[in-house]
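Quick heads-up: structures coming right below.
Consider the two complexes below, in which chain A is the common component and chain B and chain C are the respective partners.
On to the complex of A and B.
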């Protein structure tokens, strides 16, 4: 895992911890855990997305604004990579 | 304690004013935009009650172009509406004005407040631009490609043309100065820049109150107490207050709207009649979805009511128990989803109309569709169920229904499939009823059989989600064997009618079906 990816995942986990309103502690979740199965909602996805954008100085493009982008930490990390590529 | 409802100004705002006998401070509770305003409705009513208990007057309102107010596309209407609401309170004798704005309404409150007026910003976004970015993202996730409809974009329950969006986007939060201000933010939420002169406090429960549906919303009692107590500390010596100068009806090009209080539970309702009322006008009962109040998602019930009036048809949109203005509001009120109380409310509305069945149509969205399809005091000529999801013949107990779409399990075993087909084809109604009462998700058959017996004609309009639920519950097969039931499928995932495009289609379908049922000219869409 590159340093960049590690930092991204840390930012994702911090955003989930603060805004995810999940019913399990973020520390217990694997990168592949289905976030919607642990209480992630549409409102929370947007709050988490905005927190990640603030933390990493990126903006998710509209085409990534769908459920599959937010399904797991892994998927969010991929979305961050794509967002950087489009910046 | 006194409350008053009606319209004020031109174009008219709809206003609900609560006055103590004497007071000095009048609070304009700004209405959050779109679905936020629908979800927050009862909580903001509780805030008005708490203010009244402290000797503080308040007004809740719909600005021109939203909810029950007169139509308007003026981009400044939300801000002008807040100032008109303040005028109502000044006219009643309030000497000081405060604006309270929750979330998107914080933008409106900040823009409307003049120097010397008190400001309370509850969970404010950083700016109009930030709020719009968040709302567009949420709408793209929840609505998808249906979000854009010509020049109009749909957020969640809110349509904006480019000029309206530009006005909201340009709002930067600022303090009016010359009076105290409070920022009540969520834990950890940053304070927007430009508000350094305000008192700051953290309040719990905003996410549980606002970031959810009208059914799951939890009343933020502690936050409301904090805000009401802070406002009380700003009030000065009380003076006697006068009833507000509200108009009891709203006259538009094609319709007249009047406030009604219906039945033993005093359901708050607005009737909408054609301006040229013949006396034998058909009437459509409009039931909103979820626990939403009478305007419905994206105000679709108001738009439909006014278009029906132009077609020569009257309507009534009511707040059933647990919604909108009806009944008292408390910090722990039960969820009345799919309850006997709601069926009794429908009976009260129908009885109050005093029309014969051949002049009556019942319509509703989702939970409202379930109500419209149930037996009531008069058999209607037409039932239009919009996006129905529940087909239980028996009501649920308060708090029993869980707010989530559970897709019924589909059988794959060939033997079980054959058994299911036989059951759906041959099982007598009494067996189906017994099974429906016991099943977690009721088979649609008994509900449809009842409906076919009572209504001359039934039209069920489905989005893709509820269409699949209906099919799995055996509804498609059952409807094919019953007389007078028509199924209309709309290619959208927008079950709640958040998108303009979906509402446009549904409204056109309802008007067309009503015209057919009552022998009226086909409406021009």
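On to the complex of A and C.
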């Protein structure tokens, strides 16, 4: 766990709330919930990605730009960690 | 590389010399000649005959669509580089004077125009979904849509026109019926294209999603195996193949965006089979020659004698 973890997860949930077009409130979701099972789409991942990058001042590396990065809040948090490691 | 070495240069010149196509002065913009139109009518009729048993409801749409429709399709998120919006003059006398002044000075004057709220349709079936908001009957509905598409990808390759027609057979229903539509119509289209002498392959699609965000879309399209293309080699075995048709399961993308429900009240799923008319016709001219009268008898009979 890094010092960023809590803030990262807040930023992820905020981005999902605003741009995720999910069919359940983000507050009800566990970090491990499969986002694609609650209405997340590949079109929505694009806006969520941009919002997270803006909020945290990071850029996901190209190799993380795929479906598995966006499958859960947990997966997004790991992707953010990896992105920071490469910056 | 000189023009003559480019894979498309020779075919392009032959098409122009024979009057199958004429250049209009911008890349990817052509006038279509008599031989082309003769073959178009025959190919179009063959396509309709091929899927006649589906009793598809026929709709035709203008080349432009309302921005409200364009927005719901999310097209600009995936393909901003292909997007075209129609601008119009909305000013009064002073604004007209400013436009004329810019024009007289030899400057670009199009920035004196303003977005009209009309977008160039990038796909024939997009405006259809806006007609379907509400509930579908049991079994869903199947449509025949022929429309003009605009995609801003200027290229000297005649196989890549900026404006072209796509003839689609679209199904809107349940996930099961939409996937079945894609998987049952595609092999029939492959068979139809084979009957007119084209060697085609049915492969996973490789759409040009834009930029970094596009990588996610492309990876999702591949992983979920949503869309397939029918490709053919127009420029020989060394050059890359070109897609002339596609079979696309949209999941519930359009059902959600346009508020379409299946007979059970669930969000509808959709799929479309599409044939790129201009590309298919140029593939035929490349393969069989520039005069339709000289095309192989089997091809001619498939195209022109289907009703006999």
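The rule is simple: the second predicted complex is superposed on the first by the 84 of 87 C-alpha atoms of A that agree within 3 Å, B and C clash if a C-alpha of one lies under 4 Å from a C-alpha of the other, contacts with A are read in each partner's own complex, and residues count from 1 in each chain.
Simple rule for what comes next: a residue touches a chain if its C-beta (ideal position, glycine included) is under 8 Å from a C-beta of that chain, and two chains touch if they have at least 3 such contacts.
Computed from a predicted model, the values in this text were never measured in an experiment.
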item: Partner chain(s) touched by A:49 [first = chain B, second = chain C, both, neither]; value: both
item: Touching partner for A:62 - first (chain B), second (chain C), both, neither; value: both
item: Which superposed partner A:82 touches (first chain B, second chain C, both, neither); value: neither
item: First (chain B), second (chain C), both or neither touched by A:18; value: first
item: Overlapping contact positions on chain A, where the chain C interface meets the chain B interface; value: 41-43, 45-47, 49-50, 60, 62, 65-67, 70
item: Parts of chain B lying in touch with chain A, wherever the complex brings them together; value: 133-134, 137-138, 140-142, 144, 188, 207, 211-212
item: Interfacial residue positions of chain A with respect to chain B in the complex; value: 18, 21, 41-47, 49-50, 60, 62, 65-67, 70
item: In the complex, chain A residues that touch chain C; value: 41-43, 45-47, 49-50, 60, 62, 65-67, 69-70
item: Of chain C, residues touching chain A in the complex; value: 74, 77-78, 212-213, 215-217, 219-221, 223-224, 251, 253, 256
